[in-house]
Every structure is written in C-alpha cells, then in structure tokens.
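Working notes for the structure below.
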Amino acid sequence: MSDNTSETVSSAIREVVDANHILFDQGVVDGFGHVSMRHPIKPNHFLLARSMAPALVTEADVLEFDADGAPVEAGGPAVYLERFIHSEIYRIRPDVVAVVHSHSPAVVPFSVVSGTKLRPICHMCGFLGAAAPVFEIRDFAGSGSDLLIRDAHLGAALAQSLGQSAAVLMRGHGSTVVGNTIRQAVFRAVYTEVGARLQSEAMRLGPVTYLTEEEAEATTTTNNTQIDRAWLLWLKAARNRAMAT
Amino acid sequence: MSDNTSETVSSAIREVVDANHILFDQGVVDGFGHVSMRHPIKPNHFLLARSMAPALVTEADVLEFDADGAPVEAGGPAVYLERFIHSEIYRIRPDVVAVVHSHSPAVVPFSVVSGTKLRPICHMCGFLGAAAPVFEIRDFAGSGSDLLIRDAHLGAALAQSLGQSAAVLMRGHGSTVVGNTIRQAVFRAVYTEVGARLQSEAMRLGPVTYLTEEEAEATTTTNNTQIDRAWLLWLKAARNRAMAT
Amino acid sequence: MSDNTSETVSSAIREVVDANHILFDQGVVDGFGHVSMRHPIKPNHFLLARSMAPALVTEADVLEFDADGAPVEAGGPAVYLERFIHSEIYRIRPDVVAVVHSHSPAVVPFSVVSGTKLRPICHMCGFLGAAAPVFEIRDFAGSGSDLLIRDAHLGAALAQSLGQSAAVLMRGHGSTVVGNTIRQAVFRAVYTEVGARLQSEAMRLGPVTYLTEEEAEATTTTNNTQIDRAWLLWLKAARNRAMAT
Amino acid sequence: MSDNTSETVSSAIREVVDANHILFDQGVVDGFGHVSMRHPIKPNHFLLARSMAPALVTEADVLEFDADGAPVEAGGPAVYLERFIHSEIYRIRPDVVAVVHSHSPAVVPFSVVSGTKLRPICHMCGFLGAAAPVFEIRDFAGSGSDLLIRDAHLGAALAQSLGQSAAVLMRGHGSTVVGNTIRQAVFRAVYTEVGARLQSEAMRLGPVTYLTEEEAEATTTTNNTQIDRAWLLWLKAARNRAMAT
C-alpha cells in the first residue's frame, strides 16, 4: 500500500474502534453487538472487529472481511457469527457505509409486539421514516432457530427486510441500523434507542402525534449536518470511562 | 470596558459555562440543547455558546448575540440554528434573564400527547403553574418543517406560546424554560424533567392530585429562595465528571 | 463535657454526616431532603445539618436543635425550614432515634394517587407494615400552602399521621421515614424508594400479592439484624464518589 | 493438599470473588444476595462468602460449606442465613456447579403477580425455557414467615420448585439462578434481570411474541459458547469501579 492508502485504512480502523467504544458507552451495545465500516479502498470489503466485547476493541482487533463475510486473512481469531448482517447489507445497499447491530434495550420490546410500530416521535429520530420494518426470522429459518443471522441466506433476507430504511428491528433479538458514514450509523443507533424509550413512555400517556413523513425527511436532512457535535461529545465520554485501556 | 464592566461580563460568561455543564450532568441536555443569559450590560443582547455540545463549552466558546439573534462579531464560528428561541423570548419577556432549550427525555412524551398536560405534581415543580403550554410548530410552519425554530418568525410564535409561563413544550422536539436568573432557569429545567418523570409514573397508579394554582404559586415563592443550594451541588457534581477539561 | 461524652457526640455527628452522604449516593435525596439523629446525651434535642445539600455536609455543618426545633446556638447559619418534621416526631415517638425526610422519586407518585397505597411488596420492605399512611397538608394548612412543614403545628400533624408507622408519605412532596437507629432510618429510606419502584412495576403486570402483616413483621425482625451489611457497602460507595471533599 | 489441588481451589475462590463483584456491578445484587460454586475437589461441598455485601468480598472471605450448608471450619465468621438455597440445590442437581441468589429489581415484580410469567423474550434469555417457575414460600412455611430460606426443609422445597429449570422466582423476595459453570450462572443472573426489564416494557406495548421452546433451546446452546465474552467485559467494568479495594 502507498502511504496515503495506508493512512486512509488506519484512519477508518480508528473510527471503527471509536464507534465500538461509543456504542458501549451510550448503552447501545453491552457485551454483544457489533459495528462495521465499508472498506475505504476496496468497497466490497468491510472492516469489523474479531469476536469480542465492543468496549474492549482496539485497532489490532479490527479485521478485513470480503464481500461474502469471510475474513481475508485465514487462520485468524474467532469472528462474529452474525457477520452476514454486514456483508449482505453492503451487497444490496451501495449507499451504506456503516452498519450497527445491537440488542439495545428499549428497541427489543418493539420487535416482539407486532401491533406496535417504532415510529419517529421527535426530530432526532426522523431517520426512522414512516416506521421501522420488523424482520421475523421464523419466516426464513422456521420456529426452531437460534435467531442469529448465521449465514448469507439469512443475511440477504434481513437486508431485504431493511430495504431502503435506516433501521430494521429483529424479532426477539434487536436491531440493525445503517448510515452513509460510520458517524451517521452510530448517531442513528443511539437515537433509535432514545426514540424507542420516548415512544414507550409517550404511549402510556395517550394517543401520540408522530412526525409526518415530510417532517421525518426534513429533520433527517438537518440532523445530518449536526452529527459531529454528538460524536465528539460521545467520544470524550467514552474515553473518560477508559474501558479499553 | 471598565474593569468593573469587564468583570461583570466575565462573571456572566462563567455562569453560562457552568449552566451548560450542569444541564448536561443532570441529564437535561445531551449533545444538543443550549442555555443563554441576557447580557448583563446590554440588556437587549444575550450570551450563548457557539454551536457545540453543552458539556464541552468553555468560556472562549461563549459569544454575544444581538436582539435579532445575530452574533455581534462577524466571521465567527458556527452558531446554533435555533438562537431565535432566545432572541424572541428576550424581546417580549423583559423579566426573563435566562433561557434553557432542551430535549430532556421525560418531557418529550408530554409534547406529543395532546390530551395530557404536564402539570405541577409536587412542590419542586410549582413553577409549572396550571400546566405547561404546548407549541405546535405545524400551526406556523406547516406539516413539512424540520421542527426547528430556525427564524425570528418561529421564535416569536414560540415566545407567544410561552406567554407568561415558565416553560413551554415543543411538539416532537423538547421544551424551553425561562428564569429571572440563570440559576433559576437551570433549576426549573432540571425540575421540569424530574416532574415529568414523576407525573408519568403517578398516572399509571391512578388519578393524580396536582398542586392547586395557589399551591403552585406558594411553592414557587419558597423555592426561589433555595436555588443556590441545588446549584452548588450540581456544580460540584459536574466538575467531578470533568467533561470539559 | 467529659472526654467520653464528647466522643459520644462526635461519633453521633459522624454518623449524621455519613447518613447524609449515603442518602445522596443512593438517590434518596438530591439537593434537598435532610436526616437527623436524636442527641445521644440530651434525648429531647437532636442533631441536624444546617440548610445545605446533603451530599456536601461535613461535621462542622451539623448543629444541635432543641425540642422545639430551634438551633441551640443563636446567630448561627441558616437552618432547614422543615426542621419541625424532626422535632415533632421526636416529641411523640420516644422510640425514634433518627428521621429521614426526602423527595425520593419513586415514592412521590404514591403520595398523589389517593386510591393506591404503598405496601410491602418484598421482604426488604416489611417495615412498611399494612401500608404507609399519607399526610394531606390541605387538611391542616388549606389549599394554598407551600406544602412545607414550616411550623410546629404542621410538624405535630405530620407526626400524628405517621402514628406508629415507619414511614409517612406527604402528598405532592415526598416522605418521612424513622428508625430506632440512624442506620435503620437510612436503611428504611433506601428500601422505601426501592419498594415503591418495585410496586409501580408490579402493578403494571397484574394484581399483586403483598406481604401479609405477619410476614411484614417477621421480615422486619430479620432485616434489623442485617442493617450494617448494607450500611458498610453504602458508605464505601459514597466515599468512592467523594462529593463532600 | 498438593500444589495442583491447592491451585484448583484458589482459582475457584478467585472466580467466586469475581462473580460477587460482577453481580454487584451489573445491578443484580445490592447489599444482599450471594453466589456460590460447587467445590472443585469435594463435589458435595461448596464455596460461598461469609455474610457480607457481595461487592466487598475478598478471597479471605470465601468459606467452604458441607453438603448440609454448614461451614466446614467451626467458630468462623457469621454466615448467610439462606445458605440452604445453595446446599439443597447442589444436592438434587448434580449438573449445577454454581448458584446465584438475588433480589434483582426487574425480577421481583414477576414474583408477586401470579397471572404473569417471566418468559424468554429474546435470544439472550433462552435459558428461561417455557417460563420461570415461582416458589411460594407460604405453601411450605405458612403466611407468617420472614420469606427466607433459613433451613434445609425450605431449601429442599425451593430446589423442588426449581426442578430442571435455570431460574426460579421467589414470591416477594427475588430469584435463584443456576449454571453448569460459575460464569454461566452469572451470565444467566444478569440476563434474567435484563429479560424481566424487556418483558415488562414489551407488555405495555401490546401482546408479546415470546421465543418458542425450540428457539429457547437453540439460543441457549449458542449463548453457552459466548459467555466468556460478557464475563471479561463485566470483570473489567467491576474492577474499574474498585469497590473491594
């Protein structure tokens, strides 16, 4: 690699590490969950940590995966069972540059109640659009699976469910959120969790006025210009906690 | 400026910085939200940080804005899109010395359920009076806005909604709280959030007895004498977390 | 004072300081609320901090009050408006050695919903007995008060409401909890808050089985032998946070 | 003991200490609750701390108990009243290597509402199987007990209620969770609490789709291979808090 190329990749790896730490610090992931970034030089590859707790990821733990979700270097460490979430979304969504998969706690309840949709309740959650789709793995793996996206077939089905949305809920499991930068994906993952919490509280007070689709779109456009403000705060907060050192 | 004048302004700026840190530490603001103070020497101007996360604001980040919400120094850093919240409230409420805008999480649900009012549930929230008014931006910007108070027209409409109240909710967005000192505004912003949390919990237990308007007024008068007690605690707690250093 | 007497008083003051810090660290008090202890040498007097945030209290801030709630040393610092909560309970409850007054957040909702009683939901809350009584200040001060126990008359009315109970809720305000040691009072204040949280959650799941009065009594007897286990933990946790230094 | 044997026991004791700290740090235990491990050399004995707050346990505090729940060394420190939870489960469940007893806050509400079962709501909670059984102590100790498992008779009744399950709720008290390693027992105790929180939230949104029994079994098999990932994270988090030093 040239020095420039090498620096581009190093810089992407650092963002992946920071994203891991932020997602833990903001309560989106616990010991489980993962975040990837499309490879900045080889756009059908992606960068993702080896199988480990996100809070503890360092640069040395970030691996390169190919378009089929296989690690490029053979004989490496154990990798996430669900790397196919990432590979299959990158395959059909060329606009997507980063993918966050989590079991963030306020979102799971919306995944298991089929009559209630997760919808944009405030301007920070406009990216949810009309409502987040829900992926029911039973439709593809039967009623005896371990709920994990453990092969390309299930990854492709999940990617289909996601469609052109920013987030897809996974029944009895969690959610997957995408962005056109890693910072946008992290921003959306955090505010999907925040929005779910707000909606659950609001629904107990009475019938809720959600954003219109036009409001959802307009707020998304505005928020896209404000992402670094949150990112810099969250990075500082995560570093203050110093879990990875 | 004379030394005295200069010290008055510096002291005001320090309070604005402290208010930013307290509001973050108490969970009223996250990466977003802002707090301003009427300029102590030029009463139609106000002091407000540049566009950034409140937790990270330092004295150098606090700017002076004129009566129309324009920064006094041209060519400066990016400023908050919603500075018109502040300018328009200062314009029609000469009694107001400080303004807090936030998306504090327990309050947003009350902004989107038109049948349920945020009301004073305990003596710490007496300043809410009969109930907090709700500003519906659709009445002024149509149903396709980004929900932000991004011009003087919307700022004036919000200020009208606020009227003589201490707090106004903003549908799908958050709230704006005012005070006759910056410490009172911060105190009210914190206890608006606390009160919303208590009301939401109480409503699930059964029909709620709220404060009478007379009780709301009497508790406000008493609490106004106790604000420094909370401020000093919150300042120490915020400094212990040391986000801004 | 003899050396022994002096050491007895110093030791009591240290417990009062520790109790203040623990109550803050456990989320029972915020900037407001207070805890007192019957004077170990002059049993109709009591020890209570001057008017300040509990988290910041040091030994020098603890004052002696007489049986009528007046500070023994004239010309001292400002004192809590609601010191009559303490004086009037000590007057009619000779068994009480410590009193905690707080606005602990899970308890306030139970104070404003007249149809729902706070009851012992688990063995840690057995001291609540059949149910906690609720003090409605409107019955004594009319519907325009500031809800505070600001004189001996209201203190006596609250003490009557408390009766032989361990805790009394105060409508729109908070609660007061007593114990026959300061550690027991703190223990009960913490578990009143914990129990209120559990009851509110349980009530949303369906009809609740509470402790019988016999179970309430038996668990109280057992828990009274276990209080130091919690106290030592809470003290260490409070010191780790080091708010008062 | 040989050096090997001695190292095996020391290593087990260190795991018991770590488990104590993790359970506190993850909010499963507070000042109360306990975790034991079957003795690695003498399989009908077990290791359990003396009576103290779990967060403060050090290696010197871990004692050996015999099959009847008696400490092996006479004249030692005070021991937990409820050690019979451990002894009686080890007696009838040879597969069980570790036992966690707690009052974890989201679980208690499910213990007191007879019409609502705690069920596996997501893949992390598959070990709950069809639903967690509930132990009603009144059926064995009458309606005037202190709810504690204070003798072998009650311990045996609780063990019977547990049956072949991973977790049993205890009415008005808490729960007991078992594992075939201490890390698995801790993992399950944490995710019993997490699952209870999720289920309570989901139930307010509408009718819930739980895991099928086949899904519960498949997810358990998968999760058993991932336990160390969480354990290492939790251990680091607990050590960062440093309560026991």
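Every chain is named by a letter (A, B, C and D) in the order it is written, and numbering of its residues begins at 1.
Here is the rule we go by: contacts are C-beta pairs under 8 Å (C-beta built on N, C-alpha and C of every residue); 3 or more make two chains touch, one makes a residue touch a chain.
Quick caveat: nothing in here was measured; it's all calculated off a predicted structure.
Note: the chain lying farthest from chain B is D, by mean C-alpha position. Chain B and chain C have CA centres that are 32 Å apart. Here the CA centre of chain B is 46 Å from the CA centre of chain D. Shared contact sites, meaning residues of chain A that touch two or more other chains, fall at 204.
Taken pairwise by the contact criterion, the protein chains form one closed cycle in which every chain touches exactly two others. Interface residues of chain C, counted against chain D in their complex, comprise 121-124, 126, 194, 197-198, 201-202, 204-212, 214-215, 217-219, 221-222, 226, 229-230, 232-234, 236-237, 240. Against chain D, the residues of chain A that register as touching in their complex are 30-32, 51-53, 55-56, 81, 103, 105-106, 108-116, 143-148, 171-174, 200, 203-204, 241-243.
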